[in-house]
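You will see two complexes here that share chain A, one where it goes with chain B and one where it goes with chain C.
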Partner chain A sequence: MWWYVAKRLLQAIPVFLGATLIIFFLTKLRPGDPILGLIGNKPVSPEVREALRDQFHLNDFIGLQWLYFLKDVVTFNPDFVGLDGQPVFQKIGNALPVTGTLALLALAMDAVIGIVVGTIAGLRRNGWFDSVTLVISLILLSIPIFVVGFVLQFLFGVKWGIFAATVPVDWNVTDLLLPAFVLAIANIATTTRLTRTSVANNMSADHVRTARAKGLSGGVVIRNHVLRNSLVPVVTYIGINLGSLMAGAIITEGIFNVQGIGNLAFGAVSRGDTPLTVSVVSVMVMLYVFMSLIVDLLYAVLDPRIRYV
Partner chain B sequence: MRLSRRTRLAGVALIAAGSLTLAACGGGSDDKSEGGGSTKSVITVYGTNPQNPMIPTATNEVGGGDPLDNLFSGLVAYNTDGSVTNDVAESIEPNKDSTVWTVKLKDGKKFTDGSAVTADSFVKAWNYGANPANKQLNNYFFYPIKGTDDVGNTVGGAKTVSGLKVIDDKSFTITLKSSESDFPLRLGYSAYFPVPDSAYDSAGKITKEYGNKPIGNGPYKLSKTGWEKNKQISLVPNPDYDGPHKAKNGGLTFKFFNSVDSAYTAVQSGTLDVLDQVPPSALTTFESDSAVKAYNEPGSSFSSFTIPERLAHFGKNEEGELRRAAISMAINRPEITKKIFNNARTPASDFTSPVLDGWTDKVTGNEVLKFNPEEAKAKWAEADKISKWSGKFQLAYNNDGAGNKEFSEAMANQIKNTLGIDAEPKAYPTFDELRTVVTDRTIKTPFRTGWQADYPSMLNYLGPIYATGAGSNDGDYSNKDFDKLIQDASAATGDDRYKLIGEAQAILMKDLPAIPLWYQNATAVTAKDLKGFVFNWKQKPDYYALTK
Partner chain C sequence: MTETPLLEIKDLRVGFRTGKKKVLTAVDGASLSIYPGQTIAIVGESGSGKSTLAHSVIDLLPGSGHVMGGEILFEGRDISQVDRKAVLALRGSSIGLVPQDPMSNLNPLWKVGRQIKEALVANGVASGDAADKRVVELLEEAGLPDAERRARQYPHEFSGGMRQRALIAMGLAARPKLLIADEPTSALDVTVQKQILDHLDQLTDTLGVAVMLITHDLGLAAERADHLVVMYRGRVVESGPARDILQHPEHPYTKRLVSNAPSLASQRLSSVRAREEVREQAVQTAAEIAEEIAHSDTEFGEGRKDVIVVENLTKIFTLRGAKPWQKVDFAAVDDVSFRLRRGTTTAIVGESGSGKSTVARMVLDLLPPTSGNVIFDGRNIRELTSKAERLKLRRQMQPVFQNPYASLDPLYSIYQSIEEPLQLHGVGTKKEREAKVRDLLDKVSLPTTVMSRYPGELSGGQRQRVAIARALALDPEVVICDEAVSALDVLVQAQILELLNDLQAELGLSYLFITHDLAVVRQIADDVLVMQDGKVVEAAPVSEVFDNPQKDYTRKLLDAIPGATIELGA
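Let's turn to the complex of A and B:
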């Protein structure tokens, strides 16, 4: 199993190189001179503009620019700065904890609510509970996240003042509960549907009937034989989701002013700050790679037929 | 058995991974007030992460500019109405034709590191800013001083500006290229702030550390936590400051927001005291919102769109003049400011701003800014007799600014309907893309332009934009008579000056190098218990006067 993990980690290297290369070229394809964005409406002398372009290697061949970038990243150069002259690693380091916590909270809500509700619905297929959850999850899936976000922010944050409407700089976990819930909502619906279908299918599987025939109690059958096997697709979905939760929180982070990775990426893209954009997106890519490795390892735990050598 | 062991292992791994991430998130918290145990409350204000080092000559956007204005004080300080009071300067005296200014400094002024503010603190910083080798974005502000070129670089890349001479520790002279009777009005701008000796390294460069933790001489200084990247900048009152802007509150914290919308919500919910703008989504409701105090008044920034003379049919001749006037009269400004901007803009009646001294809505020829479809059609038809119109009238705008798309579309429609020509907006996704084609002169259409003044004078809205060869003359407009009037106005004072400015504006009304659209209103919301909020000429509150 360790050999398998090592192999997967080695594979991450070409993924990293390829991802940075593609993102780097894509951001460079964007027209416009970022130096002029930096300067705004005021005039700039050609001398200063050229000097700044030189400083950020903007006049070099694009492949060479990528190599400069790689060198800074691989050597963890503390002087590696974005267009604003602020250290990239420090910015990402500041943003990761809050985004990580937000993602884990959302994931926890997603897993707990989704699996519990989905299992109950699956065990009583086509009962009233199943029908009600179906309708609710369809509604949740079809409302855009920014609608839910603004409405809940207004109700809980502004009107009733139960939660902080925006996340303060010195945040703690309770400040993140509301944004995490907003982030989790659409996923909860999907997780519920997935669990429900999977549980329902397993209820009629041969090994479950055998277990019953052996005389095992209902609870043990469901815990050990139905649920465990039903969770394989659910775990895949949830695990991969952590990757996209870390990366895809741009809208939620914007609504609640969470100073996290999503916002960092958004700001960097809109300013044409290539070093920061590529670095942030690379972090997202690596998180995704890492999460899919963990998911693959979890398969072996859940499904006795799968083993890694 | 084997299964359960594995389950446990995986569980441990997951928890470990989770708690690692959580542990990394610890930290933060308790940096309450540290303003020397004072009971005055700290005011939290909207901010954005500065995009440049916090060096006076390097900071050109509000994210860094607002904190800098509070951390430093210049030779003069701006009063709320835009007039100036001497701050660090004891006196600023001109010679007879206002080309040489002698500055004398007050005694006993200190930076917060204890070093004295001397003539050298100013001259060295300005020399540094004007030297293109130092890549300072504000170098353009030094263009009026002798020894710099049109865009503020030292001539020939020299290390010093020849127009700046230190006489002794407490006095220096500034020699200008041409006479300018209101030169001191410029000196309160952040590019002219002094910088202490400790900012420079042995090679004479301002250090990175200084850019992160600037040491100033202003009403405030950085708190212990100072500038936390992407989070906030917190300032505490500077006990040694005794100028006109002495802090009345217990400190300022610039909290960074990613969107104005979330900042607005923060004011509503009581976690932010001051937001110096209003997001488009709240424009219709903010004045009746019971959770906030609302402010809305005409402001100092001016919007227009520029039609370069190099475009076909818009040259410097009779046809061009007719077509420009026709386009201008085809636009129904009040309709747009009302329907699209909910009256957060005021239709323009000149090329400057109503908050300035000497402003009047009676500018000769400004009826060309009134909606007049018949006259517009007639002028367009007359131009067609000179040379037949063909093609499309396109209006370039940047799509990343709120409301730009809406007003460009509305305006193109009005032009289309009134003149019966093919008109449409042309979007550039980002501001810097539009500026690139404008700066490189590769743009082939009219484009949106705007101006935010550097100092409170009508001349600052005219000279830098429409004078021949000026730095922001994006349309390459050139008119000898206009140049002459502007120069004379700079040298004149009082009513003479305003008369000359009026004549200069009359020329612009005829030539219309840019079509004036509207003045942007200053809008803001604050917490209900905040006191002392007044807009100054920069559309910012006087931060030092805010209290709770």
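Let's turn to the complex of A and C:
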């Protein structure tokens, strides 16, 4: 298994290089002058402009610029700054905890609600609970996140005042409950459907009938022979979600004014701040790669037929 | 017998709800009784209601199945009327089940030992360490060597036969009085089938367990049970002592079973004579075709007498070794040579893993051999370089595969399935192709009305006919049948074999017939190649193999044909 983990980690290197290269070029294609964005659209003297261009290597060949960027990232250069002159690593370090907590909270809600509701629906397929869940999950899936976000923000934050309407800079976990729920909604609906189908399929599996024939009671059969078997595909889906949850946080962080990775990325892109944009997106890419590795390993824990060599 | 029956089923009716008020009756007024320690066999084709009958005894009917009438008396108590708890108490402890398909009946995520232990714990036989010990004893008793280590393994580390042994251990774990064995070996090779059934026989004898054996194979039923119950379309059409039924069948269905089941038919000399007639005619037709080919420039091949010559064919697969950087060579096919004479059938016989299907794939040019040659009518298929020539080769050689449920595209209508090869090879106009499809359906005895239907609407036998029609669409000279009848019921098997014979006589086809079951070989083959572990162990004409087998392995395969020792009536 360690051989497999090593191989996967080695594979992450070309993924990292490729992702940064593509994003680097894409941000360069963006119209607009980064220096103007930096100064704030004020007139700037040619000397200052040249000095700034030199400082950020903007006069060099674009491939060379990418190599400069790589050098800063790989050596964790503390003086590596974005176009606003602030150190990139520090900014990301500040934004990561709040987004990470947000994503983990959303993931927990997704897993707990999705699996519990999906299992109940799957055990009584086509019963009233199953039908009601189907309708609700379809509604949740079809409403865009920015609609649900603003509506829930208005109801819980403004009208009833149960949660804070926006997340302050010195946030705590309770402040993040509402944004996390908004973030998780679409995933909860999918997880529920997936769990439901998986459980229902397993209920009619041959080995479940054999388990009944052995004389096991209904509860034991479901606990030992239906649930774990049903969870294998669900775990994969939920694990991969963590990556998309962090990326999908851009809208939710915007609505609730969370100073996280999503906001940081949004700001960097709109300013044309290439170093910061590429760094933030690379962090997301690496998280995604790492999560899919964890999911694959979890897979082997759940299903003994899967062995990695 | 004066004692009371252990299980008595009286006028049982079981149905499945298919709509609001519609009910499909699967078992219609069945009655039977089993006495303690007795083995009875329920024989019938797919859909005859035999499995439904068995499952209703332990209240494990799938979906909307329910008992509509009649009584199921177990030790004098009607268990179709009692509540769930009482049935639960019976399951495992009084009535055990050995299910059909060993591949899907063990939970893949739990160790085998644990799954057997569950049965012990649930029925209050043993728990904790005592149960673990008992599990090992049970596995040993079921004939699994090295049981202590095996108990700690997962089902996917077991072969099919080993899994079935584990399921037998499971079914007998709590020492039930009645064991329901639902086609316990139909998914296994014949040799493994024999071992497992021998063992089950011996085990239930010593334990005094009554057995309800469910099977579609009359030969097997007669060999294993003292008493037979023949079911047909939900009804019990005949029941009585096994020998009586085999020698004096009364009901038309039973008569057909007795006369056609390959396991029984293979003993008859009449099937040998019938085969001889087919061959004579086929060889003659084939010779005429060969003559034409020899004098034509456009046809592929030279019209030789040996349509396929296989020389020293070897296939080595490289597998991953124990360490990630290690590689292990595995010879799936090792130095196989044979000839297929025009208009005859060569059968390749062997167990799973003997390499017979790999040979077929190499002959079909679907898998490149590691070394050796396949020569089709004088042309070495390795030396075919142009795409056009390969296409010509494919026209001359067509496969029919084992599983008719998987080998037809479910989204293609029967017409599309059969017409596709014609279209691919650019044969004829649309009108001509349609006429050809009609003609092919006629050849395989299917009504032309099936053209617009989809595979899901057809039975297994009908699908296999469609697969044969598709194979014949391009007028091939050679048809390669890879276990083409193994997935079918015995009577359907007999029909398909007859169809293949008729087509061979009519069209002068040559068959390469791959099977694990020697029983079907006698009715279709002229030469037999017995394979074991990738090597040919015996190659001889079919009568030699049956009457005078040279190798122990061939004898073992012959012994495994169920019902071979039973004397039949006229």
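Details
Everything below uses one rule, namely that the second predicted complex is superposed on the first by the 307 of 309 C-alpha atoms of A that agree within 3 Å, B and C clash if a C-alpha of one lies under 4 Å from a C-alpha of the other, contacts with A are read in each partner's own complex, and residues count from 1 in each chain.
In this section, a contact is a pair of C-beta atoms (placed from the backbone, for glycine too) under 8 Å apart; a residue touches a chain by one contact, two chains touch by 3 or more.
What you see is a predicted model, and the numbers here were worked out from it, not measured in a lab.
Once the complexes are laid over each other on chain A, chain B and chain C both fit without any clash. Of the two partner chains, chain B and chain C are each touched by A:Pro304.
Using the contact criterion defined above for the overlaid structures, shared-chain residue A:His225 touches chain C, although it does not reach chain B. Look at A:Trp3: by the touch rule set out above, it reaches chain C but stays clear of chain B.
When both complexes are overlaid on chain A, the residue A:Ile39 reaches chain B alone and has no touch with chain C. When the two structures are aligned on the shared chain, A:Ser270 is found in touch with chain B, with no touch to chain C. In the superposed model, A:Lys214 lies in contact with chain C only, and not with chain B.
When both complexes are overlaid on chain A, the residue A:Asp206 reaches chain C alone and has no touch with chain B. For chain A, the partner with contacts to more residues, out of chain B and chain C, is B. Overlay on chain A (Cα): least separation between chain B and chain C is 7 Å.
Comparing the two complexes, residues 304 of chain A contact chain B in one case and chain C in the other. By the touch criterion given at the top, residues 3, 204-207, 209-217, 220, 224-225, 228-229, 302-305, 309 of chain A touch chain C in their complex.
By the touch criterion given at the top, residues 58, 60, 62-63, 88-89, 91-93, 96-97, 99, 101, 104-110, 115, 118-119, 122-123, 154, 156, 167, 170-171, 173-174, 320, 324 of chain C touch chain A in their complex. Residues 3, 6-7, 9-10, 13-14, 17-18, 21-22, 24-25, 27-31, 49-53, 60-61, 132-133, 135-137, 139-140, 149, 151-153, 157, 208, 211, 228-232, 255-259, 261-263, 265-266, 268-269, 271-272, 291, 400, 428-436, 439, 449-452, 464, 470-472 of chain B are the ones touching chain A in the complex. Residues 30-48, 51-52, 55, 83-86, 90-91, 94-98, 100-101, 104, 153-154, 157-158, 161, 164-166, 168-172, 253-257, 259, 263-264, 266-267, 270-272, 294, 297-298, 300-301, 304 of chain A are the ones that touch chain B when the two sit in their complex.
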